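Chains: A, B, C and D, in written order; residue numbering restarts at 1 for each.
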Amino acid sequence: MNSRDDKVTTLDRAINLLVPDGCHLSIGGFTINRNPMAAVYEVIRQRKKELHLYAHSNGQGVDELIGGGCVKRLEIAYAGSGRFAPTCIRFRKAVENGTLEVEDYSNFQMTLRFMAGAMGVPFLPTRSGLGTDIIKKWGFSEDLRTADEKLPDRKLAIIDNPFGNWSETPKLVLVPAINPDVTIIHVQQADKRGNARIQGLTFADVEQAKAARHLIITCEELVEEEFMRQEPDRNQISFLNVDAVIHIPWGAYPTACYRHYDYDPDHLNRYRAAAADEFRYRTYLEEKVFNLKDHREFIAQTNSEQLKKLIADPETGYAKALKRSGE
Amino acid sequence: MNSRDDKVTTLDRAINLLVPDGCHLSIGGFTINRNPMAAVYEVIRQRKKELHLYAHSNGQGVDELIGGGCVKRLEIAYAGSGRFAPTCIRFRKAVENGTLEVEDYSNFQMTLRFMAGAMGVPFLPTRSGLGTDIIKKWGFSEDLRTADEKLPDRKLAIIDNPFGNWSETPKLVLVPAINPDVTIIHVQQADKRGNARIQGLTFADVEQAKAARHLIITCEELVEEEFMRQEPDRNQISFLNVDAVIHIPWGAYPTACYRHYDYDPDHLNRYRAAAADEFRYRTYLEEKVFNLKDHREFIAQTNSEQLKKLIADPETGYAKALKRSGE
Amino acid sequence: MPEKDRYKYSNREMMAIAAAREVKNGDIVFCGTGISMLAAMAAKNINAPLSTIFFETGAIDAKLEELPLAVADSRVMYKTAVNGGLAEAFATMQNRFTGSRVVGILGAAQIDIYGNLNSTAIGDYRQPDVRFSGSGGACDVASFVNRTIIFMQHEKRKFVKKLDYFTSPGWIDGPAGRKKAGLPPGGPAAVITNLGVMRFDRNSKRMYLAATYPGITSAEIQAETGFDLDSERAEEFTPPTAHELRILRERCDPQGLILKTPS
Amino acid sequence: MPEKDRYKYSNREMMAIAAAREVKNGDIVFCGTGISMLAAMAAKNINAPLSTIFFETGAIDAKLEELPLAVADSRVMYKTAVNGGLAEAFATMQNRFTGSRVVGILGAAQIDIYGNLNSTAIGDYRQPDVRFSGSGGACDVASFVNRTIIFMQHEKRKFVKKLDYFTSPGWIDGPAGRKKAGLPPGGPAAVITNLGVMRFDRNSKRMYLAATYPGITSAEIQAETGFDLDSERAEEFTPPTAHELRILRERCDPQGLILKTPS
């Protein structure tokens, strides 16, 4: 948060400055769309450790951060990449091996938790989950919760409706607010002050952005402020919330960025194959992350014919008739 | 709510069908902008009685409904029309004469109450109002609240934060959900199924719309569904929520409709003068509402030179250099 | 000559059509990726043209000119009625007026006799033998909406007496279960597997066998079910018609992305 | 020759400038209609160019090429950073990170010694002698934000020992008042009237007279105040400069909509 007039910086500097080891991080996007992948790779490249990660239904970004060894604890609703990995593979391995602590919520619960953080209230209510193990079973121990002042003392709380049966609702689940130290989202357009526009579905990016103490925005297009102000109805995030703006074309690759490019089925399939095997995964990390200077180099290395196939059709916003089946 | 493919109807029929005497009604807009005035006049013209009205900061529409004798009870945050009437005049008279029961909330509280209704929860939390008479003094008696099953038993509730001091918030005000029988909003564009687009600030119209059992939309422009679907990022309300769509150019007049026309300062000033005097107000009602067949006739009667001056400049969305001072 | 001999269909096609037939005209259909999306598309194209396909990501009534491979696929954003976000989508389901019109199509790793679901973990929750994706929107949908349809692979380890982790509420523990828990009415209506269709008894809310696919016996289904399945009311399922299959294959999944991929 | 003799200014101009001077560069300025909007515009054009004008209707950093006559005036929608709604606007003020950067400019019908405000009713609440508009966003702003500036007409019936109705929280009943009530820290910083500027004692949180306008005495101000006003620290207020007045008149309200209209 600041009032500087020009927040444009490099990803290297922004991650270095705003994502210290152990920090509470939230990333935007949903499964295989608009994940802030350039930032995810930079976090891995800088070998950040012990992160406390928040997401709702983030697939690729979450899985790579876990695979990269950056994540100690995770609060999430859904760790999957659609048809490319119904359960994220490095996530699954880490949980089964006991190297990752997970707290499970539902998708709406996670959304409400970010919304509560954005709204400045300690919780929001819902009926979701009553009677289930999401209420009863806690991933983080009570000791951990008590010891860590960045965590609420309870996973959630159940209360009777103080308004009797108003709205035909006798009881509710209260889910605690999340205020990440930093949120990273990838958007289609931003200006140098940080005004941002997401095209297509916004997922919970806006709530995640506003809940955070610090906000890093990566953007496909860095545009003039005047351009953003011509149609302010289409902007979701104002400069008031933003700390850093980084211009990174293909910044969500290999996930999709609506109206710019599609997800890369070949890369996602290759990722799945690599993720399933320890040795291949090490090789993948070395070749695709650690040995590369930055996202620009990653994109430059990627088969340009394939990239061309991913470019969004201007009418539909995705790559029409893209070959998407099989390995 | 329905799944009919064509919901276009007349205002006469929609009000007749969906706004019975005594119903709980909510209207959109804010002070002197995008009030659903055509619908307001039709409600008055049909001599609806005993309405329970909800608004947050609605000026002109609320004042005319009260002046028209339609409203028995009102829940509101702010009854004013900006510089044209810092306190709405018929509202003020009705409260001072004891002919209108009022329950006061803050603007955010009313917004949260509509949002709770839209979200399907019985309340939402805020810190607003702690320590004030908004908490302590209730406009509606406990007896009334207990007797009327359409009202929650309490104006609001205070609870201790079940998460301790999480978010540095020891206690909260819970405000109860509103689910109006019917909400009426005026939008810039809608299609015949009810998909709707508001341009400029949305106020709390979207929450009011989604909280309601029935939704009436009046629109400046009735457009093709295909047009609405070309840019779905700009639509806020889908056909799922909509019962009736009525095409009424100048439907917000004499309040403003961003990008279409400005408020009419002359009319609003004349209204203020009429509202202050019982005899003149009777005359105003007869001439401008009861003796006219519909809004079209009202607009046709209005000085066309003046209307022309109100037409929005395409660049700014309002009437530039409109003469707005004095009586 | 029996109709079914005139063409071949796969189990997955049978399941998609079985689910599609559960959708009523005017329903708002919540679906996920894969076969549930295909069933929703089939319903809209065959028997419920006024149904609305609805994704938890916030897309309302997407055009779906190509099959999305995730609910966040850009293909769900094209020419929708409204592109919103998760908050609005789940609110629509929790909303008392719109929520009651939603039918949710869900899948899971385990199901019990009351239609409660596990999509989180097998074994101990904190250090599981197998970890799955987690609830996603499933728990929300199962909590809020009027009716759910559940897809399952019919295996004994999946139809269990007791869930390893209870992710999404069905009828909980019987007719009073949801009310006791504080949930709205509504709950699972049908379980569609590769062997047949199960429903829930009006009074006990226990699952029973409602239909077996052609060539499958009640005993075979019981053998793959970890609890006693009442089969008194079982009928033979009417297989997909040529018309249904043609629309499913040609209009819903011409690339065979779901129908021809191993699940 | 004293500066003030070189030009004339109205009370309202003095008040607008006094409030504008309270705004710091970088502040997010919440304002209403009328003089508070004018003060926010003056601040941005004179002493706090990096401040952001913010309306409860959801408009962030509006361009304001013409003076709006209501916070919902279409003039606040032009070339903003974001056009949102009420929900987002108030959330920005309740939000712990952005809220602490907001300064709110408010007005009221009554004020007490702790800066608590009444903008609802005079007399009995249920059947008042005079009814006003009600809170609007005032109670929200006064509850949430770090600092408020209050405009008042200085009259004895408005500066009262006890409010007829307590609409918006100031310091409640002293230094522990807000904390006891459950409110965040922050509270009223200054009260700007047609006679002078009041502030609040750091320890007692009681209002004291900080500055008198040229030609006005402490005694005159006390005579118009319904409670004891400590005037020990009162200085003479530095009147508007020619530069301030020129910008206020020529850039902020060239049509004289606020400066020349009876309030």
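In the analysis below, contacts are C-beta pairs under 8 Å (C-beta built on N, C-alpha and C of every residue); 3 or more make two chains touch, one makes a residue touch a chain.
If you're wondering where the values come from, they're calculated on a predicted model, not measured in any experiment.
Asks: Would you mind telling me which chain pair, A-D or B-D, is linked by more contacting C-beta pairs?
Replies: B-D
Asks: Could you state the distance in Å from the CA-based centre of subunit A to that of subunit B?
Replies: Subunit A and subunit B have C-alpha centres separated by 38 Å.
Asks: Would you mind pulling out the distance in Å between where the CA atoms of subunit B average out and where those of subunit C do?
Replies: Roughly 40 Å, centre to centre.
Asks: Can you compute the centre-to-centre distance for subunit B and subunit D, using the mean CA position of each chain? Integer Å is fine.
Replies: Between these chains, centre-to-centre, one finds 28 Å.
Asks: If I count partner chains per residue in subunit C, which residues reach a count of at least 2?
Replies: Correct list: 77, 83, 94, 96, 144.
Asks: Would you please write down the residue numbers of subunit A that are in contact with two or more other chains?
Replies: Correct list: 120-121, 126-127, 167, 169, 172, 179, 200, 233.
Asks: Output every touching chain pair, sorted by label.
Replies: After working through each pair, the chains in contact turn out to be A-B, A-C, A-D, B-C, B-D.
Asks: Along subunit A, where are the residues that touch subunit D in the complex?
Replies: So the residues of subunit A touching subunit D come out as 1, 3, 5, 118-121, 179, 193, 195, 210, 212-213, 228-230, 232-233, 235-241.
Asks: Under the touch definition given earlier, write down the residues of subunit A that touch subunit C in their complex.
Replies: Going through subunit A, the ones touching subunit C are 29-34, 56-57, 59, 76-84, 86-88, 91-92, 95-96, 98, 104-109, 111-112, 115, 126-134, 136-137, 139, 158, 167-172, 200-207, 256, 258-259, 262-263, 265, 312, 316-318, 320-321, 324-326.
Asks: Over in the complex, which subunit D residues touch subunit A? Could you list them?
Replies: Spelled out, the residues of subunit D in touch with subunit A are 25-26, 28, 50, 52, 60-61, 63, 77, 79-83, 91-99, 101, 144.
Asks: Write out the stretch or stretches of subunit B touching subunit A in their complex.
Replies: 116-117, 120-127, 152-154, 157, 159, 161-164, 166-167, 169, 172, 174, 176-177, 179, 199-200, 233-234
Asks: What residues on subunit D touch subunit B, complex-wise?
Replies: 33-34, 56-59, 65-66, 68-78, 83-87, 90, 94, 96, 116, 120-121, 125-140, 143-144, 163, 165-169, 172, 177-178, 180-184, 255-258, 260-261
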